[in-house]
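Pasting the structures in now, so scroll down.
Shared between the two complexes below is chain A, which pairs with chain B and chain C, respectively.
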Partner chain A sequence: MLGFLRLYAHGIRLAFLTRLADRFDFIASLLVMLGIELTPTLITVLLYGQGLSFADWTLAQVILVQGVFLVGKGITFPIFAGMAWAVSEKVREGTFELLLLKPRHPLILCLVTAYDAEDLGKLAGGLVLMFFALGQTGLPALPDIALFLPLFFFGLVFFAAGLMLLTALLMIWVGNFRLYEIFDTVTALGQYPPVIWPKRIRQLALAPFPILGLAVLPASALLHKPVSGWPWAACSAVVLFFACLWVWNGTVKRLKTAGG
Partner chain B sequence: MTTRPPEFALQVEGLRKTYRIFRRGSTFMEALKTLWHRPTTPVQAVDDVSFTLKTGEMVGFLGPNGAGKSTTLKILAGILHPTAGKVIALDGFVPWRDRVHYVRHIGAVFGQKSQLVWDIPPLDAFHMNRAIYGIAKADFHTRLDELVALLDISKTMTQPTRSLSLGERMRCEFALSLLHAPSLLFLDEPTIGLDIEAKHKIRAFIKAINAKGVTVILTTHDLQDVEHLARRVILIDQGKLAYDGALDPLRNLFGNHKRITLRSETFPEHFSMAGIALLSRTGAAVELQLDLSVTPLHDFLEHLSRICRLEDLTVSDPPLEDAVRGLYRAGGKSGH
Partner chain C sequence: MTWKEWAAYRTHMAVSLLTGPLRFLIMAWLWTATLAEKGRVLDHGREEWVAYSGLAVLIGYVLFDFADWNLHMLVRTGRFANYLLLPFPHLFLAFAQKLGHRSLALLIEAVPVWALISWWLGHPLLPNNPLPFMLSVIQGFVLTYLINYAVGLLGFWMTRTEGLRRCLVLLRETLGGAYLPLAFFPLAWQPVLFLLPYAWALYIPISIGLAPATGSIAIAGQEFTPWQALAGQSLVMAVWGVGLFGLQSLAMRRFLAAGG
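Moving on to the complex of A and B:
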């Protein structure tokens, strides 16, 4: 594990060095990314400004959900979405096999060589939103934070599972970026309070597709709101993660047994 | 006490690889049909290939485009599973089964696929490889110093890869692939696109590392690479082994012919001479094939200088593809 972390640190260093080769593009990309990701928050502010609202949720509480969502994205996307793009490009160029010449598991090599520093704009934006919202709602108690941390972790696991599946599918349907749009649209529903969901679908958004676990459950913990159903969401995230890992491995094996 | 290297670096027996490729016509209707049915055709990329390679040997691995060379190399490098056959590499590795352990002992350089990172200097990629292979710091610096001296890359390795010339980049690719001290090296067209000077440097380096005991498999379309480096060649055509043996018999097999490319405004319209075949003619540019066993080169040149005014003339060996096809038509030969 220590060896992997050391290797991963090298990967992140290399990713930054690569992106800093063109500093203006890097900074501009960070800002554009942040601007795009803040659009739902801007719409939420406009809605509340017009007197509309999500039932039982104040503006600051919704912004907290969106902040948690963005922090989750800001942690998982540089690691896993970067991998999806890099792997798709490598498969298309025919250079994916170069990774297989290295003495590591292909997943580790993909993670290590594909950190996407641009997505850190999401993390920065998310942290700003979170602290701003907590300034309005009041700081959470320690037990709430203790519940928030594992719930947030399971949200990351679900994000990672989805992006790993996306990578595997991009290996098969090379360059089909519509898959990313589908993934992004579906997960984006996770940054709104659960009142947007009909009751039956809300169950599905806990398990087996824990979209509510991405931000609503962890933010609810910080807000001392009820987080019923979280064990189902957590289990689903873990099961999905291993299922997606299995698909990922199967896809790499398929590449190795396929063409010449 | 040092461990003796195995007698064979590679033992390949009955290697086969079949894969399926998607086919469709070019019309709109044919493209539309593939939405619900995608017809595929099996391709026999490698067909019953067997050979052995002794430790420390250097072999030229040749064949025309699509012959199955790359597929064979990928199987031998452990990145592709064969459909059938047996491969034992180095100390008993089965490349595709023992990939993670096996690739620690092999290196690969691809003339057309870079392992360097475009925007940053090669030195950063070297350090990344150190982390991936887990090379001890002291070993890394010793090997790097050695490679830097051999390849003369002390300045180039600190410049961004994108600013390097092709020759400089290839030398850095070699350094990257050899930092973990592999005992078996796969080279896939390492001199493609290089100028004479750069080719010379790369060839000298390959010779030097082979002299240190590294087994080398060299895939190339450049016969001069093979002539400079390998004493043995393996020819693959249509997935089959067409020739496996020493280079000299192969050269003699096709040494009776020369390709003549000339430029002359006064070259006769209807040229005829024993042992000469007209291959093409476009304006003043003429391409001929000369059978030296019928007409010696100096007789042909003497005759040529009498009948036309030459502006340019090149004498070369027939292309590799011709030699391979000639061998394949003959049913394949083995020098072993």
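Moving on to the complex of A and C:
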């Protein structure tokens, strides 16, 4: 484990140094990664500005959901999202086999070599949104925070599962970066209060696709709103995580390239 | 040519079949969650705003453009030199390519998504003011191309414009009204929004398509008829066209200096 952490720290350092070679581009990318993620917040603020609102949700509460979502994304994306891009490039160039030759599990090597520093903009932005929103709604009580932490963790698990599946798909469907768009559009639904879901399919967003677990449930915990159904979301996040891990391993085994 | 080339990438385009309706669905759910069935905001009812989001997705397909990416790639790899040998300017060739892949997209992406949106609305989504609407979509098409080509020309001065270009795409979508109608932005911002070309490329065609035949379109707080809005769009297009030619001749001198 210690060896892995040392390796990983090295990977992170390398990622930063590479990006710092072109600082202007790095800063612009950081800002834009953040800007894209703030679009739902902009939409929400403008909607509330015209007097519209989600039933039973104040503006600060919705912003808290979006802040939690961004923090979750800001933690998982630097670790897992760069991998999807890097793997797809490597498979296309035929250099992926080099990873298979090395004395570690390919997933670990992918993670180490593909730390994505520019996604850290999301983390910073998410923290700002969260603290701003909490400043408006008041600090949560300790039991609420205690509930928030595990729920937030399961949200991270689901994010990670999705990104692993994305990587596995990119190995098969080489070069189709638009798969990212699908991932983003689907998860974007998790940035709004649950009232936007029609009642009939709201259950589906808890299990088997715990999109509500990404941010809505943890934020509800902080706000002392009902979080009914969270065990469903937690279980399905864990099941999906292991299923995606299994798919990942399966695709690596079945991967046939010219290098064979 | 472009048809054949892009038919090979049909799965790329098919991704839009998923993301387009999803984006529309998110917006449609947002409208349903925030606006009562008979509720009105900014003088329009819920159904009209849902139609707005539908038109935004569809016109987005038609306008979509990556001339900036393409041009920048050609310049950076040096392949642009080949195009200088052709008996017509690259500006023209790239436009022909865009016509090709957008007309293909019209068949593969826009038509099925139009059918889906119409099904959701319960009646076919048809624009009002068909003639000015068609004209303004065509002008928007040209204008988007001009804007993006100008951004691509930046490649002659900078080596890595990835971050900057993504910044501009974000601005284009948000300030063009792809997510929320520009009428939702504070009145104080509106003059700025309409000084930028983005609003004219996307928002104006949508507004013309939604305005009742005798109605008017609000541009920065002033009311205009659809035909006046169309004329304004032509003006913006002309200004950008002239500016682009100036920028292009500067860029060409720059390129010869480098490739020499």
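One rule holds for everything that comes next: the second predicted complex is superposed on the first by the 255 of 260 C-alpha atoms of A that agree within 3 Å, B and C clash if a C-alpha of one lies under 4 Å from a C-alpha of the other, contacts with A are read in each partner's own complex, and residues count from 1 in each chain.
Here is the rule we go by: contacts are C-beta pairs under 8 Å (C-beta built on N, C-alpha and C of every residue); 3 or more make two chains touch, one makes a residue touch a chain.
Note that this is a predicted model, so its numbers are computed, not measured.
**Q** Evaluate whether chain B and chain C can sit on chain A together after superposition, giving fit or clash.
**A** Pair status: fit.
**Q** Can A:11 be said to touch chain B (first), chain C (second), both, or neither?
**A** A:11 sits against chain B, while chain C stays out of touch.
**Q** Report for A:109: first if it touches chain B alone, second if chain C alone, otherwise both or neither.
**A** first
**Q** Per the contact definition in the header, classify A:186: touching chain B only (first), chain C only (second), both, or neither.
**A** In the superposed model, A:186 contacts chain C only, not chain B.
**Q** Go through the superposed model and pick first if A:3 touches only chain B, second if only chain C, both, or neither.
**A** After superposition on chain A, A:3 lies in contact with chain B alone.
**Q** More residues of chain A are touched by which chain, chain B or chain C?
**A** C
**Q** To the nearest 10 degrees, give me the chain B-chain A-chain C angle using C-alpha centres.
**A** Between the chain B and chain C centres, as viewed from chain A, the angle is 90 degrees.
**Q** Does the superposition put A:31 against chain B (first), chain C (second), both, or neither?
**A** The answer is second: A:31 touches chain C but not chain B.
**Q** When the two structures are overlaid on chain A, which partner does A:100 contact: first (chain B), second (chain C), both, or neither?
**A** The answer is first: A:100 touches chain B but not chain C.
**Q** Have a look at where A:22 lands relative to chain B and chain C in the superposition and call it first, second, both or neither.
**A** Both chain B and chain C are touched by A:22.
**Q** Once the two complexes are aligned on their shared chain, state how close chain B comes to chain C by Cα atoms, in whole Å.
**A** Comparing every C-alpha of chain B with every C-alpha of chain C, the smallest gap is 7 Å.
**Q** Let me check the overlay on chain A: which residues of chain A are in contact with chain B and also with chain C?
**A** 22
**Q** Write out the stretch or stretches of chain A touching chain B in their complex.
**A** That would be residues 3, 6-7, 10-11, 14, 17-18, 21-22, 93-95, 97-98, 100-105, 109, 112-113, 256-260 of chain A.
**Q** Can you check the complex and tell me which residues of chain C touch chain A?
**A** Checking each residue of chain C against chain A gives 11-12, 15-16, 18-19, 22-23, 26, 29-30, 32-35, 41-42, 159-164, 166-167, 170, 173-174, 179-180, 184-186.
**Q** Using the touch definition up top, name the residues of chain A that touch chain C in the complex.
**A** Contacts found on chain A: 22, 24-32, 35-36, 39, 42-43, 46-47, 49-55, 118, 173, 176, 178-179, 181-182, 185-186, 188-189, 192-193, 195-198.
**Q** Inside the complex, what are the residues of chain B that reach chain A?
**A** On the chain B side, the touching residues are 17, 19, 21, 43, 45-46, 68, 70-71, 74, 77-81, 96, 99-101, 103-104, 106, 108, 110, 113-115, 117, 119-120, 124-125, 127-128, 131-134, 160.
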